[in-house]
Structure formats: C-alpha cells, structure tokens
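The two complexes that follow have chain A in common; it is paired with chain B in the first and with chain C in the second.
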Partner chain A sequence: MEVFLNWNFIQELILSTIRMATPILIVALAELYSERAGMVNIGLDGIMAFGALIGFLVSYSTGQPLLGVLAGAVGGIVINSVYAFCTIHLGAEQIVYGMAINIFAPAIASFLYKIKFGISSSLAQATLMQEMPIPVLSSIPVIGKLLFSHTPIIYLAYLLVPLSYVFFSKTKAGLNYKAVGEFPKAAETMGIPVVRTKYLACMICGALAGIGGAYLTTCYISTYSDGVVSGRGFIALSAVIFGRWMPGGVLLAALLFGFTDALQIRLQVLNSSTPYQLLAMIPYLCTLFVLAFFGIKKAGPAANGRPYFREER
Partner chain B sequence: MKQKFMALMMALAMVMTAFTGCSSSTESTSKDTTTENTASEPTAAETEESTPDTVYKVAMICDSSIADGGWGAACYNAMVAAAEKYGFETQYTDGLTSADFASSLRSYADLGFSLIFAPGNQYTDAVVEVAADYPEVSFALLNGTVEADNIVSLLPDAEQIGYMAGALAGLMSKTNQIGFIGGMELDTTKAKLASYEAAAKAVNPNIQVVSAYANSFSDSAKGKEIADSMVTASDVDVMFGDASAVDSGAREALANYEGRYDIGQPSDLLATQESAVVISSVVTDNATLIGLCMEDVKAGTFGNKTIYGNLSNGTLSVGTFSDAVPAEIQTQYLELVDKIKEGTFIQ
Partner chain C sequence: MEFLKMDGITKKFGNAYANKNIVLSVKEGEVHTLLGENGAGKSTLMNILIGLYQPTAGEINLRGEKVKIDTPAKAVKFGIGMVHQHFMLVEAMTVFENIILGTTKESSAFIKKEAMKKEIRELADKYGLNIELDKPITEISVGAQQRVEILKALYRGAELLILDEPTAALTDIEVIGLFQIIRKLTAEKKSVIFISHKMREVLEISDRITVLRAGETIKTLDKEQTTATELANLMIGRELVTSEYSKVIQSGENVLELDQVSFNSSSKHNGICNLSLNLYKGEVLGIAGVDGNGQSQLAQLVTGNLVPEHGTVVLKGDRVSNFVPKHFIDSNVSHIPEDRNKMGLIGNMTVKENLILKSTEKPTISYGKGGFIRKRAIKLFADQMKKKYDIRCASLDQEIRNLSGGNQQKVILARELEEVPEMLVAVHPTRGLDIGATKYVHDKIIDARDQGCGVLLISADFDEVLKLSDRIAVMFEGQILGIYSGQNPPIHEISLAMSGKESERSSSNEIK
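Then we have the complex of A and B:
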C-alpha cells in the first residue's frame, strides 16, 4: 500500500494522466463542436490517423514540431471536408460517411508513409516538441511541475475547455451555433446561416481532430506507425456522450479515461502476477459504472445526426 | 446532376485510395489478372505445378502494419529476401483485424498463390480453417504449433529467445529490476516471458521481473507510458519486449533516462540504426525458415512438419552489441549463449 501513497508515484500518475487524457480531450472537443451543429462524426479515428501522419511528415522534414501540429490541423480539415460535402451538401447519412473516413483516411496515411519511408526494420524519428514551462507559474512548488511544465498543445487543449464553455453558454454566436444543432429550421428563419455553420463545425472538427492526431506523433512519441491512434477517436466519441455534450463534462470524461488508463498500467507493473486483461478493463468498467450511476438522460442536440434540407417542409 | 456527378467522383476517389492503401506490391500486379483467371478452376494449381515455367507466388497477411519498424517489418523483409532467393513473387495485406484473417487468406488462396505466410500464433485458427478448404495451397505459420498436409509451422524457439534476452538483462541490470512488455498474451509471448525470468534469475538470483501488456502491437504511445511507469515506479533498468511498434515507444521513454537499456528483437537493430538505448538484439532469421518452406513448395514435399528455429541451426543468433556492454560481460554472455545452445544452461 505504501507504494501508492508515495509522493513520487502520485506525481508520475498525475503527469501520466494529463499526457494520456490530452489527445482524447482535444478530439472529444472536436466532436463536441461537430455535434453541437448537428453533425455526428464517427470518423474521428480516421482524421486522427491522417493528422498524425501529416503532422509527423512536416515535423520530420522541417524539424519544427509546431509546424507539424499546424499541418496536422490542415490535413484534418482536408479529410473532413469530404465528410462535410457529402453529408451537408448531398444530405448523405452521417454515420456511413464517418465510417468511410475511418476506413480510407488511415489507409491513405499508411500508403503515404510507405511511399516516403519504405519498409525498414526501424521507424523514422522526428524531433519531439519541447516542453514549455510557463514562467513564474512553473516555479510554484508541487503544482508548478504538474500543471505548468508541458508542451504548448497541452495548454491549448485545457484552455479550450473554459473558452468553449463561454462560447456555447455566454455568447450570442454560441447560442446561434447551438440552435443549428437543436432546430435548424427555426434557426434558418431567424437568419442564422445553417449550412455555413455546419461547414464551419466540420472545419473546427477536422482541425481539432487533426491536432489530436498530430499531438501523438509530435508531442507524445517521435515516430509514426500505423495504428498509433489505437481507437482513441472512438474513446473521444464516447467521452462526448459521457460528458453530456458539455465542455466541462467532456474534460472530466477525458481525465477519467486518462487516469484509469494510467492507473491500470501502473497496477500491471506493480502486480505482474494479476491477469492483465482484468486491469486493462478498468477504464471501460469505470465508464460503464459512471454511466449507470448518473443515468443517461437525453441530453444531446435535438437535430443531431439528421441531414438538413433547406427547402423541405 | 452536377451534385450526383461530384458524389460519384468522390466515391470513386475514396474506393481507389482505399485499395492502394491495402496492397501495393507492384511487381505482381501486371500478372494478377492472368493468374486470377486460371486459378478460378480448382485444378489450376496442379496444372501450374506441372508446367516448367510456373510463376510461384507467396502472400503474407499481417495484423499490424508491415512498416511498423518491428515484427511486421521483420517478417515482411524476411519473406521478400527469401522470395528473391527462390524466385517467388510477393504480395501482402496488412492492418487486418482478427475478423478478416480468414477471408483474407481465402482470397489469396482463390487468387492462385502457392504459398501463404501467416506470421504469428494468432492466425492459427484462421489458417487451420482455410487450409482445410484449399488442399492445393501451402500455408506457413510462424510461431505455429499445428501440422497438416498443407500446413507447416515455423517455430523459432521462444524458450531460447527468452533465455538469451534474460541472460543479458540479468548480466546488465544494476538495479536488479528488469522489465518485459508484451503485446498480447500469446503462447509464445508467455513462453518468452517465463524463460526470460528464469534466465535472469539463473544469472543473478536477486533479479525481479516486472511485466506488462499493452493490449496492442501498434500503440507506441502506450509503450512509452509503460516503460516510463516501469522506470519511475519500479526502477527497471533493462527491458525486453515482444510487441513490435509498442517496443519502439518504450525505447523512446528509456532514452530520457540515464543508464536504461532495451534488448531488441527479431531483427538486429544496431546493425541498421544508432541507438543509445538498445544494447543488443536477439536475432531471428525468419528468411531462412520461409526459404525452407519455399524449397518444399517447389519440390512438392510441403506439409506435415514443424521447422524449428534455434541456435544450433543458426536461425537464432546474437545481434550487434552496443558500447554500453563491457567486454567482460560480452564474453560472459556469449559463454552463456553457448550453454543455451547445448541445452546445459537451465535443465
């Protein structure tokens, strides 16, 4: 027991939680922006994979991880514009096109990687983004190291949470944005540009999901390999539902996933004799438990997932 | 009208990219159509074998990527090297989920491939199922334990691999804590872990082994977290892994600390790259093993055997050492490897 109460252990656990929760948080926010405008995008995993590759390629060839992250955002927008065009303009089924993205985006990423690097017994290495301790704040004992000495992307992710809260709940633009997801017809009659908002939502979603993918290959590890995303997009998708379509809820959900995952790794390391499958289940069991405990009231945007036809009655 | 056209174009573009992503070995694409036609008849394989200018083809399926810088890449390169030697054409499909193993094997069998290479224990069920329906196609199962008329198992000795890694880890560890990362709990992984532990304890009785599974072969970020937690929570200083891309993530974490080392497999990592972390590799020469299968396919003697890979027949060997391994430990280690080879290391 004393192993767990050791300060060093707790500190490493918290740092690990923050690292593991960040990609899930960024991508869950991407989905939040998408679904608030009524666009269910289950293609997050695919967008992440593409963002991870583009981010890696740019960071590898320029030596600038920050440029890589930006490129990842652009890559995410490009991939997601396929989804946006088909679902908004052509009124296609959102789930089907999201799934299509999940199939074709990782395939393109894998294809491009093989063209560039071939098949060798070692992975190409890029530079990793340096941590950027915030002056003054990072010298506060205890909290400084835990909260204020990370890569810029981590600050961005956590800063986005209160910003999104203010946007969605306190600004007129945010309320208009949410109206598109709730009742697009009424929104349109009030002069809110529904189609333009939906496109904007898809661009935000693509950019953030691309950043989430690029985070993996520019801030987390310095290599790209197929499958590096490993289902994080789907976990982010559930984090949105879990967080009841609220920025704060999404943050809590991402942190819960990150914490339980970090914890199960440490439990495995400390008790090698326990079957690992039991410990690997912890993050998912926690989700089930919390969902059952809090109940799933219908909380999502009312017109979520429905195509919008302007002239339909 | 314009919208419909655009939709069509986009769908077309998506389908095309999806296909190019899956399989892109260019050498046999031009001949694919011709062999496909002949192979649709069940007798095609027999006629193929009887004609002197038969084109032999080998295909590989893989659940990870073949560009994963680990297991997948090593197996693919081994197949290509062997194929060059024996004049086979190659093809592969990677990134498969376990639900697709059987259907992918089936489509290669339908396409008239003479040999299908499944590089891992996890494909056993799919291979057994499909092989029963295609008696004329030969299947090579790496790390397999089944034998049939058209299935040959290639079995690098997991026990010896574990002994080799464990002995070196035991000699090199200063903190008496060594680590092991597994991808999935496969039989061979469990065997490697058990013998890794046994060997390390035989060399240094105070050694403690810490192990963890990533539940993935591709999540390198998780590999980094696992290695990080092993170092910070258990002060592990030498690690060995059986999880391809996950291992490269682990090595990246170890590089952030002083005096933390990793033992590579299955290719000789230090022969192709510089690394401050890798101290040596346990090398498996899969190319020779697959080559033996190809020989049998050509001679028509394929089936009903297991080709073992061990130190005695040269399929297992010690890789390049890094400067971090002192000369006396190298000699000590090589003596131990000789004992492992003779079977006198651990009775």
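Then we have the complex of A and C:
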C-alpha cells in the first residue's frame, strides 16, 4: 500500500495519465467533429496508424518531430479523403468504408516502412519531441510540473477542448455545423452547404486523427512498429459515446482511459508475479464496461451515419 | 404586379415525368393555391422553386428577371421561404436556434442572443406569431412548430412563402389562427403559395387557384369564378361521384368479442379500461373519438400487437390466449395500421416484396412453406394487384418509400384485402390521402363488409366514421361511452360523448 501513497508515485501517475490521454483525446475530438456532421468514422485506428508512420518518417529524416506531426496531419487527411469521397459523394455505407480504412491504412503504413527500412530486427530510432515548459506557469510548485511542462502537442490537445466547446455552443458556424449532423435536409433548406460541411468534417477528422497517430511516434516512443496504435482509435470512438458527443465529456472520457492505461503499466512493474497480459487488458475492459453502461441511451446526432442526397424523394 | 413566374418547368426522375411543362404565376400579395392529388407534382414543383431539385427544363422569373435557383441558399437570398409538410426543424435544438440556423445577417461569428431574440420577437409580434423562443422543439405543439417554420422564413426576409399542406396536422382552431397569419402576410404585400386538397379551406383562403394533374398544369382560376365541384372534377380529371353507402343491421354471429379488457388502464390517453365490445360479421363498427383516447391501443390489441392485462378477447368463437400478430393473421384478420410508414410497409423493400410480406408461406408464393421464393408467380401476382388496385408506380421493383401516400395505401389494401378477411381492423385508413384515393379506400372497405367481413374502423375523421359505419361506438379515455346506430345517428349526442359527457346517454337510442 505504501507504494501507492508515495507522492512520487502519484505524481508520476498523473503525468502519465495526461500523456496517455493525449492521443485518445485528440482522436476522440477528431471523431466528435466527424460525427457532429453526421459522419460516423470507425476508421480512426487506420488513420492513426498511417499518421504514425508518416510522422515517424518525416521526423526521422528531418530530425524535426514537429514537422513529423504536421506531416501526420496531412497523411491523415489524404487517407480520410478516400472515406470522404466514397461516403459523401457516392453515398456508400460509412461503417463499411471506415472498416476498409482500418484494414487498408495500417497495411500500407507497414508496407512503406519496409520499403524504407527493409526487414530487420532492430527498429529505427527518431528523436523525440522536446518538452516545452511554459515560462512562469511551469515554475508554480506542483502544478507547474504536472500541467505546464509538456510537449506542444499536449497543450494543443487540451486547448482544443475549450475551443471546441466555444465553437459548438457559442458560434453560428458551430450551430450550422451541428444542424448538418442532426437534419441535413433542414440544414440545406436553411442555406447551409451540407456537402461542403461534411467534407470539412472529414478533413478535420483526418488531420486530428493523423496528429493523434503521429503523437505516438514523435512524442511517446521514438520508433515505429506495426500495431503501435494498439486499438487506441477504437477507444477514442467509445470516448465520444461516453462523452455524450460534448467536448467536455470527451475530455473526461479520454482522461479516464488514459488513467487506466497509466495505471496498468505501473501495476505491471509492481506485480511481476501477475501475468502482464492480464493487467494490459484493463483499459480495454474499462472501454467495454463503459460502452455497456453508457452506450445504450441514444444521444448522438440524429442523422449520424446516414448518407445524404439532396434530390432524394 | 407579378412576383413569380415559372415557365415550362419539366422535371424527370429517371424516365418518369414528375413535372411536365408547368406554368405558374404568382402576383404580389396574393394567396395562390396549388391544387392537385397526391403525386400530381406539387411538391416536386415547389422543391424546384426552393433550389432543392434542379429542373430538367424551364425557367423561373422573379419580378420579371430570369433567375437560376440551384441551391436552397439562393432561394433564401431571393426571398423564397417554404414551410414543408414534414417540418424541417432540428429536434435537438431550441426554437431560437432553429430560427437563426444558417442566417448570415450578422457578421459576428458569435451568436448575439439578446439582440437576435429582440429582432425575432418584434417580427413575431408584427404577424401575430405566438411562440416561446427558449423551448426545445420537442416540447411545443405541432401548431407552434408550424409558427416557428413561418417565422424562420420571415426572419430570412421571405417575400414569397410556400405552405405545403399546412392544415393537415392542425386542429380546426389552429387552422383559423393560421389563416389570420396568412391574411396579415398578404396585407404586407407578401405572396403565399398554398398547397392543399381540402376544398373548403382552398376556397376560403385563396385568391387564385392553379390545378395540377399528373404533373401538368390543368388550369388557373379565380376563386370567385369557380366552385368546389368544378375544382374537384378538374383535379381528378373526371366527374367525381360522391358515394353514399347503404347501412346494414347485423345481429348474427360475432367475429370479435372483447370482455372487460384493460391495458395500461391508468393512462387516459394511451390505455384501455374495462372495455367491452362486439363486432358482428358483415358490419362496419366505427370507433369515433378524439385522437389519443386509447384507439391506437385498441387496434393493436385486436391484431395481437399488444397483450391485454385483464379481460378476454374472443375471436371467431375461440378465446385468444396467444397474443402474437401471426395468430391473428392465421385467423384471417387483416390490419390497415395507423401509420403506414412505421407499421404497414417496409420502406426500403420493393412494391412487390411488400405485397407478399404476409403470405410468404403460401404455396402460391413459395415452395416448401417459405423455403424458396417463386419469383415468376410473385411477379404475376404483383402485376395483377397493380392492375386491380390501380397502384401507380414506375416499376414493381421500386422501393416503396418512393411512392406517394395514396399508392402506398393501395399496396396495403391489396395485401390486406385480396383474400377477403373475416375481420378487418382499419385505423385512419385515409389519413393523408386525396379525394380520389379516399373514395377508393372507402369503396374497398364497404366491398369487404358486403362479402361478410367484420370491419372495425377507427378514425379521427368524424365524417368518415359517419359515412361508413353501421354502428358507431364512441371512445373516450380508454372506455366506450356509448354505441349508436349508424342510420340517422344522433350527431349531437355523439359529439357530446366524444368530449366525455355521457349524462344524456340513458335516454339515447343505444342499441345492443
């Protein structure tokens, strides 16, 4: 018990929670923007894998992790535009195309990695992004170290939450955006460009999910390996449902998942006698549990997942 | 002065013409009615006008200038607003949010609530539109939702307001209120296109009337120079014979008996309380009553969709113990459900498939009791039904949701009445149908009765109940307040009973 109440342990746990929650938060926000415009995208895991690879490649060859993250965003947009075109323009089933992205994108990422580095047992190492303590704020005792001594991507992720809240709840553009996900035909008759909004939603989703993937290989671990995403995209998907399609809720959900992830790693270290596979299950069990209890009540956008055709009778 | 001129508008869906060379002109400050049966092309024409559909040919002129309306945003800019029959309101948002949705009046990115609300309130007061801005859409009445739609259009600076079947969902008092609003609008030099097929209303509110039939313009008339009969004849393209149905008095065999049946009896609006009722073979028993007094539950109980909590249901002499729809279907009970889109039809399946939904196990339809489908036989059967019931569709393989309401109802009739049932439960059988289709449905119901079918007719349309019923039962808060003869029914007493006053019942000519 003593180990748990140790201040160092708690501090490390909080820090780790914040870091672990970041990719889930960014990607959950990606899904939030997508679903608010009625686009259910279950291909987050695939987009993340692709973003992770592109981010790693650029970071490796330029030595600039920040450039890697930007490239990850671009990569995410490119991959997600396949989904966007097929589902918006051709009216294809969103779930099917999301699944297609999940199968196709990690495979192509793995393929590109092997072209560049060949098949070898040692993984290429890139430089990790440096932490960027915020002046003044980071020197506040306790909180400074916990909250204001992180990489820029972490600041970006957490800053996106209040910004998204303001966008969806206070601005006209946000109201129009939400209307597209609720009742596209009504939005169209009100002069809101439905198709354009849906494409925009896919761009935002691709960019953020790409950043979420690139975060893993530029800020979290310095290598790329297949399966680096390890289901985080799906956890993010459930964070949106758990968070009731609200930015604040999504933040709480991401923190919860981040916490379970951080906790299980520490438990692995402390309990070497317990098989680590059992402990590694905790975040996924937590997801299952949350979905079983909070996934029932329908609260999402009313036209979520449905294709839209203007001239449909 | 002429505000709008639509000239030679043609719209094709696939190979079918929805609009063919339509001409329509609307003057400033007038109420112009578009009159036509379901599927005459009214909605298509209006969807072209608001930029939702692109016409295949033809041009639109506004105040004498040719315009191209290729997006709804443009229609809004040109001052054209439409109140759709199925309201275009986002249910997850408030009244206020729905009104300001998509507006570009203010350059600010943020929603300036107070300033906008003030402006909306002034506008609402000007036209007598009484609404509560902060309520969610789901919490206001249908009439109020309609006022929100009108206000939405006016807030966007609409000069021409299109009202698509605005009275269909309103009570009589709400209709009076709507007409007052329309008069205020025209007094302000705004034009209104009014779409309806209720003759009385059309003649009351319109200045001019354009009749459409089968996608073509038939004639434009001044209200003063026409009559309801002329309009009806133009609309359906032949002389409309209003039928009077003979009434019969049956007292023989019961096809259905309910004894002290209760379901959810504590609810006044969605329950049934100790209800006893009998239905003879070969009669129409009409259930009159204001919507939401348990009629819907009654219909579902006697078709096996609900299980009663107390009491007995006897069908053709046997007490029912197994309340599943299949038992009732196998006992030859047919059901025309209250909402054809929710219960009667599967929208994404074809006309053909919907026609055989109930009879897939029949040897004429499939081999080995529902094993393999007999495609040729089904096609033949569907073709026959199409002819016999006059189902108008481009193809029998068309998805049924693309058919007009009247034609959808005909598909249900074909399915439910083709093999004459022993009992028919018909709930709001003509809701949303035009004159021609309504008469058709009525004829079919009476035909079934004359072949010995017991018909339980539930309708919120009192005139319909009076016209068809051999006996009339009045339902109020889940109970039957009285049963009256269908011949020379005491209308005043029935109306009283419908509002729950049963004091005069003892002296009524109740028959058993």
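In the analysis below, the second predicted complex is superposed on the first by the 291 of 313 C-alpha atoms of A that agree within 3 Å, B and C clash if a C-alpha of one lies under 4 Å from a C-alpha of the other, contacts with A are read in each partner's own complex, and residues count from 1 in each chain.
Keep in mind that, in the parts below, a contact is a pair of C-beta atoms (placed from the backbone, for glycine too) under 8 Å apart; a residue touches a chain by one contact, two chains touch by 3 or more.
The model shown is predicted, which means the values in this text are computed figures rather than measured ones.
Clash-free side-by-side placement of chain B and chain C is the outcome of superposition onto chain A. Once the two structures are overlaid, the count of chain A residues touched is higher for B than for its counterpart among chain B and chain C. When the two complexes are overlaid on their common chain A, residue A:S222 makes contact with chain B while staying clear of chain C. Of the two partner chains, chain B is the only one touched by A:L90; chain C is not.
In the superposition on chain A, A:E188 contacts chain C only, with no contact to chain B.
Contacts of A:T62 after superposition on the shared chain: neither chain B nor chain C is touched. Contact with chain B, but none with chain C, is seen for A:S110 once the two complexes are overlaid on the shared chain. By the touch criterion defined above, A:T127 lies against neither chain B nor chain C after alignment on the C-alpha atoms of chain A.
Here's the short version: in the overlay, chain B gets within 14 Å of chain C at its closest Cα pair.
Touching of chain A by both chain B and chain C, each in its own complex, is seen for no residue at all.
Per the touch definition, chain A reaches chain C in the complex via residues 170-173, 175-176, 178-179, 182-183, 185-193, 301-302, 310-311, 313.
Contact residues on chain C toward chain A in their complex (touch as defined above): 13, 50, 52-54, 71-73, 76-77, 82, 84, 88-93, 97, 100-104, 106, 108-111, 152, 156, 402. Against chain B, the residues of chain A that register as touching in their complex are 3, 8-9, 12, 16, 19-20, 82, 85-86, 89-90, 92, 100, 103-104, 106-108, 110-111, 113-114, 117-123, 216, 220-223, 225-228, 230, 262, 265-266, 268-270, 272, 276-277, 280. Interface of chain B with chain A (complex): residues 3, 6-7, 10, 14, 17-18, 20-22, 24, 64-70, 73-74, 76-77, 94-95, 179, 182, 185, 209-213, 215-222, 224-226, 228-230, 232-234, 245, 248-249, 252, 267, 269, 272-273.
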